[in-house]
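Some structures to go through are shown next.
Shared between the two complexes below is chain A, which has chain B as its partner in the first and chain C in the second.
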Partner chain A sequence: MKAVLHIIEYDFRNFFRYKWWLAGLISMNLADLLIMAVVYNKIVNPDLFLGQLKSYFNFFAPGVTVLGLFASAFMIGREVNMEVRREIHHYMLSLPITRLELAVGRLLAGGLRGMMYMTPLLLITFLFLGFPSPSQLLIILGALMLLATGISGLSIAAAVSITSFEKFVTARGLIYYVLFFCSSIFYPSSLIRTLGQDGLIPQPIVVLAELNPLSSGADLIRSFLIGTPIFTLEMIRNLAIFSMIFSTTSTLAYVKIIERK
Partner chain B sequence: MAVIRTIDLTKRFKDLVAVDHLNLDIEEGEIFGLLGPNGAGKTTTVLMLSTVIKPTGGTAVVGEYDIGKSPDDVRKLIGICFQEPKLLWVSTPWDVLNWHAKVCGLSTQERKKRVKQVLEDVNMWEHRRKNVHGLSGGMRKRVEIAKILIQRPKIAFIDEPTAQIDVVGKHKIWNMIQELREEGTTIILATNELHEADILSDRVGIMHKGKLLICDTPKTLKDSILGGDLVEIRLEKEATQDAFDELKSFHEVVDVVTVKPTNLKVHLNKVEEIVPKIMELFMKRNLPVTSISMSEPSLDDVFVHYTGLTIEEAQRKSP
Partner chain C sequence: MRKLFFVIERDLRMFVQYKFLIIMRAIWFVSQVAFFGLIASRMVVPQLADIYFEYYVAGVVVMMLYSASVFIGYDIFEEAEHGVFEYLLSLPVSRKELVLGRSIGGGIRSFILVGPLIAITLFIIGLANPVNFLIAFFSLFLFAFGVSGMSITIAVGLKSADRFDILMGVLNAFIIRLSTTMYPQVFVQEANLAYAKVSEFNPVTFASDLFRWGVGIERYFTMTPMPLAAIIGLVIFFAIFTFVGITIYERRLEGGGWR
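Entry: the complex of A and B
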């Protein structure tokens, strides 16, 4: 157990060595939020697309929060990938730590780093949209931690299976693209469904957007803060399944693959 | 009592057999020198014994644990100083060592004391806050060695400890390795440097192409080869084949090794009687001798004898 904490400490140290980079990233997230919100407010008719929503800002703020969580929790993969290429993982493997402790440490560290990075974004969202009740807050944090762990797992699994940095970066771009755009981060699920029914979006994309854990994460925050969409247990279920699948896969892949390289 | 025993330990990388049915016993408390030319399989052996990579055949017992069945227990006994320093890639020497000590279970007080002590010992105290990216190769290696000196494991694997390190540093590190042993650590020293192995090791094993060729004390090995005496001859011109053959035909001469065409090492007996004859032989063929010296065989000679390679060749064979 102590060993898991040591690994988390190691990953947090690495995370904060990029403080300028992180600061840049978070300012970009905030700029996104402002620009998109202002511009979209002018070009979309909220009555038409967003139903009871007052502004695109209110809709987008939870989306950006989840976006930030995703990008930062995914960073662990880049470091794991670099370690494998530079054979630093040999050092990790020689330490008096079990393989399981090592893998769980990396997984949780990735997730917790995401949570930490996301905190200011979430606070800004609360400031503008109103604070949730304590129990709602607990549900939000719990659900987002599931999401963060799943993302961390996904990135670790990708990082160890694809050692070439170039291919890893390409895969990362692809994952980002698919998960960001086939989700309710930028546009409401209801809209995606409607467009799907009208035949304007292919059905697989509609399904993907519904199952996408990023959609569930963003919608969960929205359901508590702006009341739409309605909160359903399905959101939590989606997140839990995603988290379980990728936590398990990444733990197994991490241990199996780095021992071979 | 053997603290490490390898049983047909084998590692294949696709077509290449890096370590080939290695059978080796390492005694508790000794410094065991693992020698061999580049690519012999030393590092691969060390990595398998420290459970970093898995063997493709055979196994080994480290302490009382099988490396395949109880790797977690093995790792509690061992420490490793890697050939290529494995420093966390964005960090300072102090952070690297402090974290290492923490993971190895040292208490906060003990840790602070030892990290400082060892950083001073390896002359890295003043650089402790530098980013490791800004350190020279030798400095990184010092930090790598410091890990094991702080950890003081029961069994230490030390891979090429003094490659890239200056002469003064070398002697310091050799002393520290000996001190580590005196405190009870068993040390496996993988090295290319025969002199280093000679002065530090209680026993040495010579590996070549993944196989263990021979294993004994440096003294026994040196005595075992050829005649007890060694004469090194330098000539003004290259030795001709017939001079070479005649030299070999003396029955006191056991072997002649060509270090360079103008530099021969002759292993022989009854050195006092034979040296005048050798001088005469070269004079007769108009091959002036520029120098002649007598010495005891070194581990270099043992190495050359058993691997069939000269030191130069061995170094050139590097992959």
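Entry: the complex of A and C
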């Protein structure tokens, strides 16, 4: 356990080295929230939400929180990919730490870094939309931790499977855009379903948007803060499955890749 | 003049190396159009619903043009890091030719990247008036050269790749969102007067409005008379950043000032 904590500490120290990058990321998230969402308030048809929502801003604020969580938790993959390419993992292997502890430490560090980055965005969301009850807050934080760990696992799995930096960056872009835009971050799930029924969006995209962990994360926050969509256990289930699959895959892949000669 | 072409040619050849960047940008374009554009056009108020998809697609092209033109600044840092600057300075090319060539090369290569996307956009939107389109198309060159000049100015002014990266990220976040790439000016004004003021004098707004005018989306213009007002805005933007860029870059080049 102590070894895992050391790895987490190591990754947190690395995280703060990217302060410029983090400042850029937070300014982009804030620009999305404070400019784009404010203007979209005037553009989005109020009938779309059937009076359940006061504004698009209220709908989007939980979405931007999840966006920030995703981008920051995914950063661990970039570092792991760089370490694999430069063979820094040889140094890691020389440490008195088991392979499993190393892999678990990296995974948890990625997730916790995402949670830390996301906290101010979540607080801003609470400030505008109201604070949840303590039990709801615990559920939100637990669910977001599952999401962050899953994202961290996904990025580590991608980082160790693709050794070329350019290919990794391209794959990362593909994952980002597919998960961002095929989710309920920017638009309600109900609208995606309706467009699917009308034949405007292919059914696989509708299914992907529903199973997308980012949709579950954003909708879970919305369900407690704005009351729509209704909270269901499916949201937690989706996040738990996503987290379990990618935590396991990334741990196994990471252990395997650092032992490869 | 011939030397200027050599500098431009070099930048164009270098751009081919960035095939992964091109793939990534293409994925971004498809996601923006096929997902966000399509779904958002079903979310908007009735008075905008009939044209929002086309309006947004045209805006995405200008966003692409902006981000591709900015890329020349990253090249400058790469060259400084790898000692290529010394090589460039040893060439029988004047400083002015070098800087002007880089600015034009940066602009042209962004057009090479955006060209196929403009073709897709024309396929989606259609082409109402070819003459208007050609006027808009050539005016957008000024925009691309101006953005490249701006990127070069900031790159040589900052001297730190990290700071450049963050500043361009922040600038990108604000300059795009405080423009009419994603929404018409009338709605920006309704949302916030301060945002509207920035948007009104934003070169990205000039480029977006001009491109929409060129492809025949003639509602919700920010300025009048179109296209003259937008072209004047772009000429001023181009002149300022090309002139300032050349002056600063030229000064920094001497005596290892870029280090």
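Basically, the second predicted complex is superposed on the first by the 257 of 261 C-alpha atoms of A that agree within 3 Å, B and C clash if a C-alpha of one lies under 4 Å from a C-alpha of the other, contacts with A are read in each partner's own complex, and residues count from 1 in each chain.
By our rule, contacts are C-beta pairs under 8 Å (C-beta built on N, C-alpha and C of every residue); 3 or more make two chains touch, one makes a residue touch a chain.
Please read these numbers as outputs of a predicted model, since none were measured by experiment.
Within the superposed three-chain model, A:E259 lies in touch with chain B and out of touch with chain C [touch as defined at top]. Contacts of A:I201 after superposition on the shared chain: chain C is touched, whereas chain B is not.
Contacts of A:M82 after superposition: chain B is touched, whereas chain C is not reached. In the superposition on chain A, A:L138 makes contact with neither chain B nor chain C. By the touch criterion stated above, A:L95 is placed in contact with chain B alone, chain C being left untouched.
In the superposed model, A:R13 makes contact with chain B only, not with chain C. In the superposition on chain A, contact is made by A:A3 with chain B only, not with chain C.
Counting residues of chain A touched by each partner, chain B versus chain C, the larger count belongs to C. Touching chain B in their complex are the following residues of chain A: 3, 6, 9-10, 13-14, 17, 82-83, 86-88, 90-91, 93-99, 259-260.
The touching residues of chain B, when paired with chain A in their complex, are 47, 50-54, 72, 75-76, 78-80, 82, 84, 86-91, 95, 99, 102-105. Looking at the complex, you find that chain A touches chain C at residues 20-21, 23-25, 27-28, 31-32, 35-36, 38-45, 48, 166-167, 169-170, 173-174, 177-178, 180-182, 186-187, 191-192, 195, 200-201, 205.
Chain C makes touch with chain A in their complex at residues 20, 23-24, 27-28, 31-32, 35-36, 38-40, 42-46, 48-49, 162-163, 165-166, 169-170, 172-174, 177-178, 182-183, 187-188, 190-192, 195.
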